[in-house]
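Some structures are shown below for you to check.
The two complexes that follow have chain A in common; it is paired with chain B in the first and with chain C in the second.
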Partner chain A sequence: MSASPEEHDRSWTVAVRNRVSGLVPPGQVLPDQQPAYVASWIYVFGVATLAALVVVVGSGVVLAMGGAAWWHTSSFGHFVNSVHLWSVELFFAAMVIHLWGKFWMAAWRGNRGLTWATGVVSFVASIGAAFTGYLVQSNFDSQWISGEAKDGINSIGIGGFFNVLNPGQMLLWHVTLLPVAVGIITVMHVVLVRRHGVVPPLDDEREEVAR
Partner chain B sequence: MSTTHATRTRRRTPDSHDYPTRHYDLVKEFVIALAIMTGLSLVLAGVFSSPDDKAISMASWAKADPADLVATATGELAGTTTSATYGAPYNDASEGQSVLGLKLQKWGGVGIPINSADLVLQPLRAVSGDAQLANALQQWDALSADQQTTRATAYADALAKAPDGDPAQVSQGSYGPVPALTTSFLGLASSGGLEGSLTSSATFYGSDQTRAMLLLSDGAYLEDQAVADHLGGDQWGMMNEVGNYPGQPWMWLYTFWYQVKPFSTSENADTQVWALMMLLTVGLILVPWIPGVRSIPRLIPVHRLIWRQHYRRKR
Partner chain C sequence: MVWAAGRYIDWGVVSISLTNLLVIVGMIVIFVLALVIPFPREHVREHEHEDDS
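The block that comes next holds the complex of A and B.
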């Protein structure tokens, strides 16, 4: 027996499906056409950021499989740690260039303010994720960085909950909470980009009367 | 009665879908970017590797700078070290830092209660088979709190006056059991047994280095090593790593404030810098809605370079 129209309207599943399928206009999730003005090297750095994030997560997963201290005793582990480090450097380099590029495009125009905001939040969350990574290296760097960082964290009253001197806690933040946060915000950011399309050039705006 | 409606013009951003399009292979672009990023990461890792200077152990501290370790242990007993006088989240010895009258540090509460004297006494109490140490601990426990502070402070002062802070060259004085306790503490650290006692004394699985790190940070040795490696607080230390590695350059602005006044000389620098950075971060998030700031890209036409092909076509 098929569902009545009332049941259909009350269905949570249908509501979620409609919401999800309406997030991005048809054909815009993975479009094979872009506006002709999308023709600059600056556009490469958004996708470069995503690509670097994949390398960061991939090398991090390999490090996680070896364990917290594996990279100190294994030459392969040390190499994977190096890949992790340099992919993080590339990730931030690409992200900062992307951010500046979007600033000079005023890419928040045309109801794209939330796209900009999620990008900045993603940047901040990434700084937190990278920072905890430096704390869990279990070497001299992490000793010094944690010793210095505790004063900043404690000074705003959160040191009792977010204890940078506790590498066990920081390791879990680094491999679970923060990457999940970065991942979720990044997905939101990409969905918003696909939803609104690439911002048109400045100076193309039309003047209209507003009351 | 007539009503006059004020009118103004506003810019309307055109719909991106109204523009002429061209072929664009997003998946191909991503795969190429992934290949390049993977390749670059592998090459950079192979050529430059990554830093891994060994962590300072209590044994290496005891061997390299025994006078500093003894002075630090004495300071913990006297209650004069940084951690002993820190405030929240370790104790309520001070109000901690504040900004604009907001005592954020104090309001955070003592979430990780630590008695600095216990950083020395608790590991010593776990030692068995040392009659001299047991006697010194007994003497210490028999003293009143004031007497303990007086004895330890006197010994700390004497150490400061001794050549190179050498405990063997301290002048005679009324130090009670403090010299015996700190000598035993130096011996325990040298044996390599101190870390375990500080991190896993209450649990088989010790993964919390808070107490060991506070003790190490209370001494001068850790900072001396860091400054020698250009990692000091006034050397942009938070964002650097040992050697010539790039560290965390994305934290340059946070670190920058510590290098300039008033923050470089402020007792509340940490809270002030955090407050400023939070303000700037919120400002960055809200750029699209801040009049003036959101117009900067129109005033400085970098976009003419980005979309030069489009503008050329329009002409």
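The block that comes next holds the complex of A and C.
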């Protein structure tokens, strides 16, 4: 027995397909052409941030397989730990330069407020991921940092839920919750960029009103 | 072996390590360079035309 065309159109599969395929305009998922004003180095730093994030996650996965203390006893583990650290440094440097560029472009113009907001939330979640990374080094540095951080965390009333002196809790936040949050928000951010397009320069007379 | 603490620069209530200050200055320099250095767009187009021929 087959479903009628009406029943087929009401199926959740069709609804999800239509929703996903309508997220970005046709041809804009991976465009091979961009407006002329995008030919500037300042537009490179968003993609550089994404590239660094890929290296951060990849090196983090390798570190997770070795365990929290692996990098103390293995030269390869130490190397992977350094790759993780420096890719995070590049990630934040590229993201902040991307932020500066977008701020001075007023990149929230043209109905791009949600794109700007998801970038801000992604930045904040990334800071949380980085700070918990400091806490799971399993050395005296992480012990000192957690001892200093607990007063700040307790002063804002969340110490009962987020105990920086608990390395196990911080490790799980660092390798699960925060990367998932950063990943989801980053995907939303990229989809919104593709949905609304790259913001035109402030002095571009062809600037659209709203999409 | 005891390593000396990093060099810090103090300006009123602001205290920043020389290393962090140099990183921030370096980021500002990269930002300015990204604005002024031309992007090699024409070179890419010429290369595409070569492929087309």
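One rule holds for everything that comes next: the second predicted complex is superposed on the first by the 199 of 211 C-alpha atoms of A that agree within 3 Å, B and C clash if a C-alpha of one lies under 4 Å from a C-alpha of the other, contacts with A are read in each partner's own complex, and residues count from 1 in each chain.
Definition applied: a contact is a pair of C-beta atoms (placed from the backbone, for glycine too) under 8 Å apart; a residue touches a chain by one contact, two chains touch by 3 or more.
This is a predicted model, so every value here is computed, not measured.
*Asks:* Considering only touches as defined above, state whether A:V44 meets chain B (first), chain C (second), both or neither.
*Replies:* A:V44: touches chain B and chain C.
*Asks:* More residues of chain A in touch with chain C or with chain B?
*Replies:* B
*Asks:* Check the residue A:T13 against both partner chains and state whether it touches chain B (first), chain C (second), both, or neither.
*Replies:* Neither partner.
*Asks:* Now for A:S75: first (chain B), second (chain C), both, or neither, which partner does it touch?
*Replies:* A:S75 contacts neither chain B nor chain C.
*Asks:* If you stack the two complexes on chain A, which partner ends up touching A:G101: first (chain B), second (chain C), both, or neither?
*Replies:* both
*Asks:* Pick one for A:S21: touches chain B only (first), chain C only (second), both, or neither.
*Replies:* It touches nothing on chain B or chain C.
*Asks:* So, does A:S4 touch the first partner chain B, the second partner chain C, both, or neither?
*Replies:* neither
*Asks:* Under the contact definition given at the top, report the residues of chain A touching chain B in one complex and chain C in the other.
*Replies:* Common interface on chain A, chain B vs chain C: 36, 39-40, 42, 44, 96, 101.
*Asks:* Can you name the residues of chain A that touch chain C in the complex?
*Replies:* Those in contact with chain C are residues 36, 39-42, 44-45, 93, 96-97, 100-101.
*Asks:* Chain A touches which residues of chain B in the complex?
*Replies:* Residue positions touching the partner: 5-17, 19-27, 29-30, 33-34, 36-38, 40-42, 44-46, 48-56, 86, 88-89, 96-97, 104-112, 207-210, 213-214, 216-217, 222, 225-226, 231, 233, 237-238, 241-242, 245-246, 248-251, 268, 270-271, 273-275, 281, 284-289, 294, 296-298, 300-303, 306-307, 309-311, 313.
*Asks:* Would you tell me which residues of chain A are touching chain B in their complex?
*Replies:* Residues 25, 30-40, 42, 44, 47-48, 50-52, 54-55, 59, 71-72, 78-79, 81-87, 89-90, 92, 94, 96, 101, 103-106, 108-110, 112-113, 116-117, 120-121, 124, 127, 130-131, 134, 137-152, 154-161, 163, 165-169, 196-211 of chain A touch chain B in their complex.
*Asks:* Considering only the defined contacts, which chain C positions touch chain A in the complex?
*Replies:* My answer: residues 23, 27, 30-31, 33-35, 37, 39, 41.
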